[in-house]
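Each of the next two complexes has subunit A plus one other chain: subunit B in the first, subunit C in the second.
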Partner chain A sequence: MELNVLRYIVLSPLIGFLINGIGGKRLGHRAVGLVANATVLISFLIGVYAFTVLLSMPVNERLLTDTVYTWISAGALTIDVKLMMDPLSVVMALVVSGVGFLIHVYSLGYMHEDRGYARYFSFLNLFMFSMLLLVLSSNIVLMFVGWEGVGLCSYLLIGFWYEKDSAANAGKKAFITNRIGDYGFLLGLFLLASSLASKGVLSLDFTAMAGHVALLSPAVLTVIGVLLFVGATGKSAQLPLYVWLPDAMEGPTPVSALIHAATMVTAGVYMIARMNFLYVLAPTALEVVAVVGALTALYAATIGLVQNDIKRVLAYSTISQLGYMFMGVGVGAFSAGIFHLMTHAFFKALLFLAAGSVMHALSGEQDMRKMGGLRTKIPVTYAVFLAAALAIAGIPGLSGFFSKDSILAAAYGSGHTVVWLLGFITALLTGLYIFRLMSMTFYGESRIDEHTAHHIHESPKVMTVPLIILAALSIIGGYVGVPRLLGNIFGWHDSDMFVHFLAPVFPVVPAHKMPVAVETWLMIGSIAMAVLGVFAALYVYVTKRMQPAKSAAQAVPGLYRLLLNKYYVDELYNAVIIRPLMALSRSFLWKFFDVWIVDGTVNGSAYVTEWASARLRKIQTGDFQVYVTIFLIGVFSVLAYFVLR
Partner chain B sequence: MYEGLTYSTTFSSILPQVIIAAAIVVCAMFDAFVASKKWLVGIIALLGLGAGIAASMSLWGQNIVEFSNMLSTNDFSLIVSITVMIAGIVSVLVSLRYVDAIDGESGHYYLLLLSSVLGMLFLVSAMNLIVLVLSLELMSLSVYPLVGMTYERQASLEGSMKYLILGSFATAFLLYGIALVYSVIGTTNMYAIARVLASRRDLAVNVVMMAGIALILVGFSFKVALVPFHTWTPDAYQGAPAPVTGFMAAAVKAASFAAIIKLVIVVLSSYHVPVSGALWWLSAVTMFAGNIIAVLQKNVKRMLAYSSIAHAGYVVVGLVPGSAFGMSSAIFYLLSYTFTVTGAFAVITYLEKKDGTGNDLSDYSGLSRSHPVLSLIMSVFMLSLGGIPPTAGFMAKFYVFGAAIRSGYVGLAVFGILTSVVSLYYYLHVVYAMYFEEPEHATDVPVAVGISTGIVIALWGVIQLGILPSDIMDLAMKSVQSLIH
Partner chain C sequence: MNYQLLFVLSFVLFVVGMIGVAMRRNVIIVLVSLELMLNAVNILFVSASKYLHTLDGQVFVIMVITIAAAEAAIALALVVRLFRTMGMVKIDDLKRLKW
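For the complex of A and B:
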C-alpha cells in the first residue's frame, strides 16, 4: 500500500538540519533546541502512525511504500527514491526515532554550555535523517546513501571537539576504518547488481531482489554475502574492524549513546536482516557472520573487563553485544537478532546517558579509579544505571534477558554448539564487567578528590527524565518477546509477539524442535551464568574490596597486560599497515609524485593558461575594425570549410 | 512531411504570441498615459509573460502548422518559448528597482523587453526562412536599445553601437545565405527545402547551396556568440545594465540556438556531415577561447560574458552528433543555463551601482561577512556554471558530453571537459573572493523584493534541474521528437 507520509519521517530531521545549519547561532539556544527536538519527535509520531496503519493490515500484506521520485534512470535500470515500511523497518524506525528523540532531549541539558550548540544539533539532525533513510529505503543503493550519511555524521560528531587532537584523530580513525569496510560493501553491491543484471534482473529493490536472488549460483551469493558483511564489520565494529569504536568515545556522550551504541552501529545487523533472502541461500556466508559475531562478543568482553575509563568499558560492551546480534542473525534467528538490537538500544543508550550523567556530576571525570560511592549522591542516576546493568547482564525479568536468551537458544538449537558456548561464556563476562563498573562507580568508598566532590550534583530534569523513560523501557521492553517456554508457564500462549510480528519479513526456517527439558536447562544455565557474573563482581569489588587488577597483574602479568593493551591490535595495525603506508606516502607519493608530477602539472597548466589568456585577451582591443576583421576571417573560414572540404 | 498535420486559420495556436503582443500594447498605453508609476508597466509585463507561459503550457502536446505553413506550434517551440519567458520574468523582476534609476525612459524598457520576447516566440515557431529572419530582427532590434538604455554611460552606448553594427553585418550574411539557398531550391519553406534536399542527391556537392548554408550558419553563430563571431559580446554584456545582460545571455541565446537546432533537424538532416564538422570546430574553438580569456578578467560582468561565449560552445557539443539525444541535451543545457545565468546576473544587479561600477572582483571581496545568504546563493550559481553537482550545470554538461561520447565524438567531449576544468578557476575565483578575502570596503545592499524573487526562481530551477533532471530531460526528448515527426 502506498502511504505518502513516510517521506516526512525522513525529511523532517533534514529540515531541522537545514534550519539549524543555516540559521546557526543567530537563532539562539532555545530555537535551535526546539527545532532539533520537534523535527525528530515528528518523525517518531509519523512512525507510530504508520505502525498503527501497518497493524491494521492483514499479516501477510504488511508493506507500506512511498515512491518519492525516480532517481537514476540509465537505460533499463531505474533506481527510485522510494521508501518502504514493513515490520522490520518499522521496528528500526521507531527505535531510531524514539531513542533518538530521548537523546535529543537529554542533549538539551548535556550540551547546554557548549559553544557549538547549533552545530551539534544540526549534525544530530543530519544523522537522524541519514539513519532513517538507511532503515526505510526500499533499495540497496538508497540504503547505501544513508549508510554513507551516518558514517559522515559519525565522523563529524566524533571529532566534534576538533580542537582536541585526540578527538580529531579518533574521527579520522573511524572514517578510515569505515571506508575499508565500505569498500567491501561496495564490491558486494556491484557484484550483486552485475550478476543480477546478467540474469536479466534490473532492479535493486529489496522486494524484487528477494524474488530473484535464487537465480544466482551459491558461490556468487556466498561471495556477495561475505563482502557485504565486510561492510557490516566496519559499521558495526566487529573483528577485525572494531578498532575505531573505543576511540569514538572522544565525541560528546549523547553522541556515543545515539550513534555508537543504539543506532548507527546496529546498521550492519539491520543490513544482514534486510538481506536475509540472500543470506539463507548462502549458508557459508551466514556461518562466517555467526562465528565472527561470537568471537567478537567474547573478545570484546574480555577487554571490557580491565578498562578503567567508564565510557571505554561501555564501548567494548557495545562491541560485545553487537557480536551477540550478529550471532543471532548468523544462526538464522533474524528476529532474535533484531530483538536484541532493540532491547540493546534501550539499555545501552541508557548506560551511556547515565554515564554521561555521572561525568556531568563529576565535572567530566571518566576514570573509574577516581569514582566510587556515588550511589547516595546521585540516586536517580544510580537507580537507572542499575536497571540498565541488570538488563545487560541478562537478569531474568529485564529486557536483555529475553533477547539474549532467544539468541543463545537459537544458536544451540540450530546446532552451532561452539558459537553457543562462546556466547554462553560471554554471558558470564558481561555480568562481570558491568558490575565491576557498577562497583567501582557507585559502591564502596569514594575515591573522588575533594575539589570535585564539592561540586557533585544530580543532573537537571531535562536529562533525568529521558533516563527514567529509557530505564522503564530497559525493564519492560523485553515483554514483547517472551519465549514461548516461559509464556506457557504463565498461561500466556502467544507470548513471543515480536517474532510473530517480524515473521512475514523473514524466511520460514524449519523450526529446531528442542525438547522442552533441553530448552529449560539452557535457560537456567544462562541465568546461572549471568547471576554468577554479577555476584562474582560484587563479591570481589564490594564485599572483599579486593583489587583484583593488582593481584592479576602480579599473578598473570602477561595476560593482564595483553588485555589492558587490548591485545595490542592497535599497535599491530600501526606497525603492519599504517607505518609502511606513511613511509611510502612520504618518500614516494609526496616528495616525488606529488611535488614533481602533480604540482608540476597543475602549476604548469595554470601557467600556460594564464599565458594564453594574456595573449588571447589582446585580440579584444575594443577597436571596431579589428572586430570586423575577425568576423570576416570567421566567415571565410566557415565558407572555405563547406565549399572546399 | 506536413500533410498529415492539422490545418486551421484560428489564432489559438499562436495564443502566447497574441498575449505578448497585447501586453506590449497595454504597456505602451500605460507608459504614455500614466506618467508617475512606471513600475506598474513592469507588473503588466510580468502578467503578460505569466499568461504567455500558461498559454504555452495549455498548447503542450499539439502539433499545428498554420498561416500558409509559416508557423508551427509544437512541443519544441513551446519548451523554448517557456524558457525565454521564464528568462523574461526573472529579468523583469530583477529590473523593477534598476529601471526606476533610468530617468524618464523606464516604460520603454519593459516595452522593448516584451517585443524582444515576441520576436523570440515567432523565431522558435517560424517554419519559413523569411519569417525566421523577420522574427530574428524583431528580437535583435529590441535588444540593441536595451543595451544602450543607460546611455549616459559611455560603455553602455558603445556596447550598443558595436552590437548594432556587427549585428546588421551578421544579418546581411544571413540574408545572403538564404538568398543563395532560395536560388537553388526555389522555396523558403523549411519542410519543402528538406524534401528537395532529400530527393536531389546532386545538391550535396552544389557549391552555391553549400555557401548558402555556410552563411546562414554564420548569421546564427553571431547571435549565439560563437568564436570568432563573438567580438561584440564582451563590450555589449559589460556595457548593458545587468538585468539586460542576464536576459541576453539566457533568452537571446536560447531562442537563437532553437533556430539552429530547428534548421539542423528539419532542413539539414540530409546534409548532416559537413554541418556537423563545422559545428565541431566552432564548438572546440569557442570552448577554448571563451574559457581561456575569461581566466584573467577582473570584471565579473565581463568574465561572465566570456563564460557565456564558452557555454555556447558547450551547447554546440550537444548539436555535433546530430542525434535526438544530443539535441535534447542541448535544450536541457539551454534551460539550465537560463536559470543559472539569470540568477547570477540578478545577484550582480544587487551589487551593481548606478554608474555601472561595483562589478569588479574586488567588490566581491569578503562579501560573505556582510551578506552570507547572498554569497551562498552566488556560490551555487558559480558552481552550476562550473558544472559541479548537484546543480543544474552539472547535469547539463553530463548530458551534452554523454551525447557526444555516445555518438563517438570522444575527443570533443574530452576537450570540453578539460576546458570546463579551466573554467572552474575563474568561477571559484568569485567564491574565493567572497569567502576568503578581506572586504575592501563596506558593501550595503538594500533588500529589493523583485530581485530576491527573481533569485529565488532561478535558484529553484538550478536545484530542481540538478536533483531531478530526468523529468525535464523527458520533456526535452519529447520536444525534439515533435520536430522530427
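For the complex of A and C:
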C-alpha cells in the first residue's frame, strides 16, 4: 500500500539540518534546539502513525511504500528513491527516531555551554536523516546512500571537538576503517547486481531480490554474503575492524549514545536481517557471521574487564553486545537479533547518557579510579544507571534478559554449541564488567579529589527526564518478546509478540524444537551466569575494595597487560598495515612517483621547451643578410621543386 | 623585336640586385640593389605584356612603381634616423636588435 507520508519521516530531520546548518549561528540557542528536536519528534510521530496503519493491516500484507522519484534510469535498470515500511523497518525507524529524540532532548542540557551548539545539532539532524534513510529505503543502493551518510556524520561528530588532536585522529580512524569495510560492501553490491543482471533480473529492490536470489548459485551467494558482512564488520565494529569504536569515544557523550551505541553501529545487524533472503541460501556466510559475532562478543568483553575509562568500558561493552546480535542473526534467529538490537538501544543509550551525567557531575572526569561513592550524591543518575546495568547483565525481568536469552537459546537450539558456549561465558563477563563499573563509580569510598567533589551536582531536568524514560524502557522493553516458555508459566500464551510481528519479514526457519527441560536449564544457566558475574564484581570491588583484582593483576601481570593494552591490536595494525603503507607512500608514492613521475613530467616539459628554445634562438642571428640568403634559398628550392618535378 | 634579349636583361639585373642585397654592407647600396631588383621585374612585366598582347603586366608595373616610391621614402627616412642615432650605415652592425 502506498503511504505518502513516509517521505516526511526522512525529510523532516533533513530540513532541520538545513535550517540549523545554514542559519544556526544567527538563530540563537533556543531556536536551534527547538528546530532540531521538533524535526526529530515529527519523524517519530509519523513513524508511530505508520506503525498503527501497519498494525491495522492483515498480517501478511504489512508493507507500506512511498515512491518519491526515479533516481537512476539506465537502459532497463531503474532505481527509484523509494521508501518502504514493513515490520522490520518500522521497529528500526521507531527505535532510531524515538531513542534519537530522547538523546536530542538530553543534548539540549549536555551541550548547553558548547560553542558549536548549532553545528552539533545540525550534524545530529543530518545523522537522523541518513539513518532513517538507511532503515526505510526499499532498495540496496539507496540504503548504501544512508549507510555512507551515517558514516560521514559519525566522522563529523567524533571529530566534533576538532581542536583536540586525539578527537580529530579518532574521527579519521573511524572514517578510514569504515571505508575498508565499505569496500567489501560495495564489492558485494556489485557482484549481487551483476549476477542478478546475468539472470535477467534488473532490480535491486529488496522485495524483487527476495524472489529472485534463489536463481544464483550457492557459491556466488556465499561470496556476496561474506562481502556484505565485511561492510557490516566495519560499520558495526566487529572483529577485525572494531578498532575505531573505542576511539570514537572522543566525541561528545550523547553522540556516543546515539551513533556509537544505539543506532548506527546496529546498521550492520539490520542489513543482514534485511538481506535474510540471501543469507538463508548461503549457510556458510551465515556461519561466518555467527562465529565472528561470538568471538567478538567474548573478545571485547575481556578487554572491557580491565579498562579504567568509563566510556571505554561502555564502548567495549557495545562491541560485545553487537557480537551477540550478530550471533543471533548468524544462527538464523533474525528476530532475536533485532530484539536484542532494540533492547540494547534502550539500555546502552541509557548507560552512555548516564555516564555523561556522571561526567557532567564530575566536571568531565572519565577515569573510574577517580570516582566512587557517587550513589548518594547523584541519586537519579545512580538509579537509572542501576536499571541499565541490571538490564545489560541479563538479570531476569529486565529487557536485556529476554533478548539475550532468546539469542542463546536459538544458538544452542540450532546446534551451534561452540557459539552458544562463547555467548554463555560472555554473559558472565558482562555481569562482571558492568558491575565493576558500577562499583568503581557509585559504591565504595570516594576517590574524588576535593576540588571536584565540591562541585558535584545532579544534572538538570532536561537531562534526567530522558534518562528516566529510557530507564523505564530498559526495564519494560523486553516484555514485548517474553519467551514462550516463561509466558506459559504465567498463562500468557502469545507472549513472544515481537517474533510474531516480525515473522512476515523473515523466512520460516526450520523449527529447532528443544525439549522444555533443556530450554529451562539453558535459561537457569544464563541467569546463574549473570547473577554470578554481578555478585563476583560486587564482592571483589566493594566488599574487598578491589584487593582481589589487584592481586590477580599481580599474579598474572602478562595477561593483565595484554588486556589493558587491548591485545595490542592497535599496535599490530600499526606495524602490519599502517607503517608499511606509510613507508610505501613515503618512499614510492611520494619520493618516487610524485617527485619523479608527476613532478618530472611537469618540470620536464618546461625544461625541454627551454632547452629547445635556447638552441632554436641561435638561428635568429639578427644578421639581415643571412635572412635574405636563407629566404632566397627557400624561394629557389620551392621553384626548383615545381619546375623540376 | 628580340624578346629573349629583354628577358635575359631582366634576369641579369635581378641577379645583380639580389647579390647586392645579400652581399653589400652599406645600407644605401642595399636599398639601391633592392630598387634594381624591382625594376628588373618591371622590365620583365612590360616585355611580357607586349609579348603576350595583354595589358595586365603594364598595370602591375604602375603598381610596383608606386609601392617602390613609398618604400624608398620610408627606407631612406630609416637610413637617416639610423645614421643620426648610430653614426653609421653598416648593415652588419645592426645585429644588436636580435633576441
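The rule is short, and it goes like this: the second predicted complex is superposed on the first by the 591 of 645 C-alpha atoms of A that agree within 3 Å, B and C clash if a C-alpha of one lies under 4 Å from a C-alpha of the other, contacts with A are read in each partner's own complex, and residues count from 1 in each chain.
Assume a contact is a pair of C-beta atoms (placed from the backbone, for glycine too) under 8 Å apart; a residue touches a chain by one contact, two chains touch by 3 or more.
None of these values were measured; they are calculated from a predicted model.
Chemist: A:Phe592 in the overlay: touching subunit B, subunit C, both, or neither? Say first, second, both or neither.
Modeler: A:Phe592: touches no partner chain.
Chemist: For the three-chain arrangement built by superposition, which of subunit B and subunit C touches the greater number of subunit A residues?
Modeler: B
Chemist: Return first, second, both or neither, reflecting whether A:Arg645 touches subunit B, subunit C, both chains, or no partner chain.
Modeler: A:Arg645: touches subunit B, not subunit C.
Chemist: Does the superposition put A:Tyr49 against subunit B (first), subunit C (second), both, or neither?
Modeler: After superposition on chain A, A:Tyr49 lies in contact with neither partner.
Chemist: For A:Gln620 in the superposed arrangement: first (subunit B), second (subunit C), both or neither?
Modeler: In the superposed model, A:Gln620 contacts both subunit B and subunit C.
Chemist: Would you sort A:Val635 into first (subunit B), second (subunit C), both or neither based on which partner it touches?
Modeler: First partner only.
Chemist: Once the two structures are fitted together, what part of subunit A is touched by subunit B and by subunit C alike?
Modeler: Common to the two interfaces on subunit A: residues 617, 620, 622, 624, 628.
Chemist: Mind pulling up the subunit A residues that touch subunit C in the complex?
Modeler: 617, 620-625, 628-629, 632
Chemist: State the interface residues of subunit A toward subunit B in the complex, per the touch definition above.
Modeler: Going by the criterion above, the answer is residues 69-70, 73, 606, 609-610, 612-614, 616-617, 620, 622, 624, 626-628, 630-631, 633-635, 637-639, 641-643, 645.
Chemist: Okay, in this complex, where on subunit B does subunit A touch?
Modeler: Residues 162, 165-166, 169-170, 173, 207, 210-211, 213-215, 217-218, 221-222, 227-229, 231-232, 234-235, 274, 277-278, 281-282, 289, 292-296, 422, 425, 468, 470.
Chemist: Under the touch definition given earlier, write down the residues of subunit C that touch subunit A in their complex.
Modeler: 18, 21-23, 91-92, 94-99
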